[in-house]
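Order of writing sets the chain letters: A, B, C and D. Residues in each chain are counted from 1.
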Amino acid sequence: MADPTTYLSHLELGEPDKTFLDSNELIINMGPQHPATHGVLRVILKLDGEKVLGTECVIGYLHRGVEKIAENRTYTMFNPYVDRMDYVAAVSNGLGYCEAVEKLLNIEAPPRARYIRVILTELNRLASHQLWLGTHALDIGAMTPLFYTFRDREEILKIFEKYCGARLTTHAFRIGGCQYETYDGFERDVKKFLDFVPPRIDEYEELLTTNRIWVERTKNVGKISAADCKALGVTGPVLRASGVKWDIRKALPYAAYPEFDFEIPTGANGDTYDRYMVRMQEMRQSLRIVRQAVERIPEGPIMAKVPKVMKPPAGEIYHSIEAPKGELGYFVVSDGSTQPYRVRVRPPSFVNLQALDIMVRGQLVADVIAVIGTLDIVLGEVDR
Amino acid sequence: MLDYVTSYLGMNTTPGQAGNVFWALVYIFVVFGGVSVAVIAMNWLERKALAHFQIRLGPMRVGPHGLLQPIADAVKLLTKEDIVPSEADRFVFWIAPLIILCASFTVYIVIPFGPTHAITDLNIGILFMLGVSSLSVLGVVMAGWASNSHYPLIGSLRSSAQMISYEIAMGMAVVSAILMTSLNKSGTGTLSMIGIVEAQQQQQVWFLFKFFPLGFIAFAIFAIAMVAETNRAPFDLPEAESELTAGFHTEYSGLRWSLFMLGEYTAMIAVSSIAVTLWLGGWLRPFPNTLTGPAWDLVFSLIPGFTFLALAAIAFVGVIRMPKHPYFRIQTAGLAAFGAGLGVIGLLLFLPPVRDRIQDIFWFIAKVAVFMYLYIWYRATFPRYRFDQLMKVGWKVLLPIAIGVLILTAILGVVL
Amino acid sequence: MPEQTKSPTPPSGDPNPPAGQATTGSAHSTPAHKLPEKPAAPAKPAGPVPVPWQSPLVSKLKAQYGSGVREANTYLGQNYLVLEPSITNEVLQILRDEEQFDYCVDITAVHYPQREKPFDLVWILYSFARNERLRVKTMLADGESFPSSVAIWPTANWLEREVYDMFGIKFDGHPDLKRILLPDGWKGYPLRKDYGIIQQDQEWVRINLGIESGQ
Amino acid sequence: MEPVATTFFFYFLSGLTLLSGVLVITRKNAVHSALALILGLLAQAGLYLMLYAPFVAGVQIILYAGGIMVLFLFVIMLVNIERAQKEEQFNKQWLIGILSAGALGALFVLVYTKGSSLFPTAMAAPVESNNTQQVGELLYGQYMFAFEIASLLLLVAIIGAVVMAKRRI
């Protein structure tokens, strides 16, 4: 456990390297409109030349009061709203919320529904990672991977569209299961996708993994130790890249995950390159899970018996899932009425973003870009 | 007057050296016009090639296959509002793009497209080129400072440091090539661009292959440094859009911004021309030693014509593949006309008098085009260097190697 | 038209999952549809009623603080403690230092306006070593401040700022307690129950956005 | 090649040099002064060209205009211009200034009128062709020692600059 006081010092920003020739400190305001902040993140950088002395994130430009809205909607009505938080991984968001409310209602989704959930969620994880890879590479200056990943992500979105009619904010799941049965040819489409995408992932790797410039730009950049990760509550691929083999899908399984065989990829150094490698391997692991799920998908109903008017008994529940970005938790409090008394979302991006400061300290401006990219934040989720 | 004009025609020298102001002016107009057209063509080609690297189509709407896109862009840029930030230093802000443009155009005075096809032949030609092209740093620095904004300032600081650093490695590589020019009977080298190519002709070898691999290493250093010198990917830090939005020209818009772009592409062609002149034998045709004899001469002299015919054929394939819909009638006709134009040029190039004159220019431009393609290829493939890594490459890798090559070249030149 | 494509079939027909086929990576290799949903959770109570939670941790805390530990229950398989505010910070420190709850998942609050002490302050903790989640709750009166837990888990920094932003609960000793999602000059705490869903800080909107209403 | 309009270019370039020299000391904005200085240096390079010293002209452009002045600008830009602009530009020493300027001017006039024997009577024959070679032979032959000493001095300066700028090496 690292000494927490080391983190406190970041608030009084560091001092410049005192040398014979005093260089000027420069305060730069990066964002909220900036091509590399992935939305409306504003980072105030204190620079000594190109070296970063400290940062402060200013967030909230996209705040929509999702938690307040939840208190004024019924459980079912709030379901589509969660898709608008992490809009590149809407399916994961929906899954977390539905499962939390199901727990509160003390019901269980039928096995077939759980398999469909796993398939779509893992495809969504792949889509999210693809989007991350494209934008991250673009931030570091490699333009081409963006187009390759978007080309392949399109195939996933097509499957989503065929399944539920929406591409981005899917609203794929309902409390108690799934609303839609899979369409004819769903398995065929998914299997085709599974065959088609691994060579494409090799293609991304060919462009980047051994590229000298890429390696130089990412190795030893934005390092964070496992202890710091835990202290700062950083989860997801960032934590795993620091060498902690922890994934909620394994540690506290949900949906149908216990039935699948997959590995948790980990890194060793906790630098940007490791996070890149972890996510690349996670893509392949996701494909592995989807393949197993599609081959073994059971027949059966897709909705559990859910009351028409949902009135969960008074009580509270915390349920979290492994979203593409980390631990996505829902803390739902019920007072026995049709509307949730309080819904608290534990957003992985929000918590992970806190680590930006210690990751970029003492590094260069260009590394800030690389680190923001590697944290894989979505501002819709940070600000909610 | 007419005598004055015609007197140059039989001369075996450049108009600048002949002192013929009329022909010098003609050459200036032809070269500058040609360069401007080349920049426009390069703009279109870059967008198309980059798009195809990235599984996109690129411009498709304006004209057949977007052929008229650069013109549309130019019109758009010219009519755009010209914004000067209120706190900017107006005079410096105004003059910075002009400096870049002047610096990159001025170097074309000495670029030899052929033994006589240059505006003039300075006896310090290569020095002049390096010197004048280094002046474009001033424009970058001034633009960054005059914008009175943080991103441009950081961009211009980066850029000036980068350009000055790489100039040194570049200069060292150039010197080793110049040393090679002195390997003749009289033992005197030359700095003249035409003289350098003629030296390669006399020594029967492109300097790329001279003292293999020394020439090649020097060439590689120059090829890397020139990408850094022109601020192109993967060394495009001064305008790294993900870090500094657009670097030193963040605050520029409209015409002034397009002047920066024009300057950038012009400089790219200029440094590529230096590389071609110094190491790739300038206007000399490939395989001058192995494929000799009048038959081969004829074959090589026909290549320009065939190249244009091939381009025309590509255009006609495009015509055939155009959608057969009335909506595309004009586009199809336009593309056919374009192909026909290329074909006519190709046929013209078969005529013996034209053929002989145009050969040198063709080979020179073809070699430069290879570099232009490499620029696009780099941009599609590489991520961007970080500033400290860039400096490390420049000072700790390229410069020592360049000095080593220089010393070895000198030793070999004395020994052999 | 996904609805039309296939009607849900009754579960009678055995989908014939490959029985006995070992799924090696996971500890659970039973056929799909027979699996309990939350295998890692402790034994579930029959109905949704909080049942007392028995564990060495609870006995230890009860021995140390007596009635300071007001509740130690399990609800739907999730353990939680309700503590007196006076001892909470101390217990949190103990939980991290001695009980390996080294990951603070979330800090949040719930507003019950009709209660005497209207705020529930909730910590959701996780222990990597024990693979166990724990919720710690304490009740606060309006205007009452609470010691910051930034010194225990640095991640509490932003989470507490958000609680402050949304509920107006102040944290003593927080290094940088200011609004995080809402603008700095905003008045009101939106997640309190008395704050209407379309309510806004009219004055702030007028001054900063130059419009009469953001709605 | 016959020189064209030599007289015009001589006066044009000299005038430009003088003008930019005046601008350098009268501009309040240091960046403008630096730009004027660059203009002056370029005009000087033109004068060198007219003197059939193309190598010197080239070096003048590369080193002074392209290299050193960029570093100048580099430093000036990091200085707070607004503060510099508020400061008094000229010291109140105009009396001394006029005296020294007058003395210098008198010296020039004196040399020009009395010491005409110092100047060549006719224009020297231009040696255009191998100026670069001559410079090289002089530098590496006759003045080898001085050249090496100068480069050593520069090396010392570089090391000193590095040490001053970077305490921990």
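Here, a residue touches a chain if its C-beta (ideal position, glycine included) is under 8 Å from a C-beta of that chain, and two chains touch if they have at least 3 such contacts.
Given the structure is predicted, the values throughout are model-derived calculations rather than measurements.
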Label of the chain whose CA centroid is most distant from the centroid of chain C: D
Comparison of A-C and A-B (more C-beta pairs in contact): A-C
Chain whose Cα centroid lies nearest the overall Cα centroid: A
Interchain centroid distance [CA atoms averaged], chain A/chain B, Å: 45
Separation of mean Cα positions, chain D and chain C [Å, integer]: 73
Chain A-chain C separation of Cα centroids, rounded to whole Å: 19
Distance between chain centroids, defined by C-alpha means - chain A, chain D (Å): 61
Chain B residues within the chain A interface of the complex: 50, 53-56, 150-151, 154, 158, 233-234, 236-237, 240-243, 245, 379-389
Touch list for chain A against partner chain C, complex: 1, 4-5, 7-8, 11, 59-60, 63, 65, 67-69, 71-72, 103-104, 106, 108-112, 114-115, 162-165, 180-184, 230-234, 244, 246, 250-254, 256-263, 292, 296-303, 313, 315-318, 320, 327, 329, 331, 333, 341-342, 344, 346, 350-351, 353-354, 383-384
Residues of chain C that touch chain A when the two form their complex: 1-3, 5-11, 13, 15, 17-18, 23-30, 32-33, 35, 37-41, 47-48, 50, 75-76, 78, 96, 102-106, 108, 110-111, 122, 124, 128, 131, 133, 135, 150-155, 157-159, 162, 166, 175-176, 179-183, 190-191, 193, 195, 197
Interface residues, chain D side, partner chain B - complex: 1-2, 4, 29, 31-32, 35, 38, 54-55, 57-59, 61-62, 65-67, 69-71, 73-74, 77, 128-133
Residues of chain B that touch chain D when the two form their complex: 16-19, 21, 89, 91-92, 122-124, 127-128, 130-132, 134-135, 137-138, 141-142, 144-145, 153, 156-157, 160-161, 164, 167, 188, 191
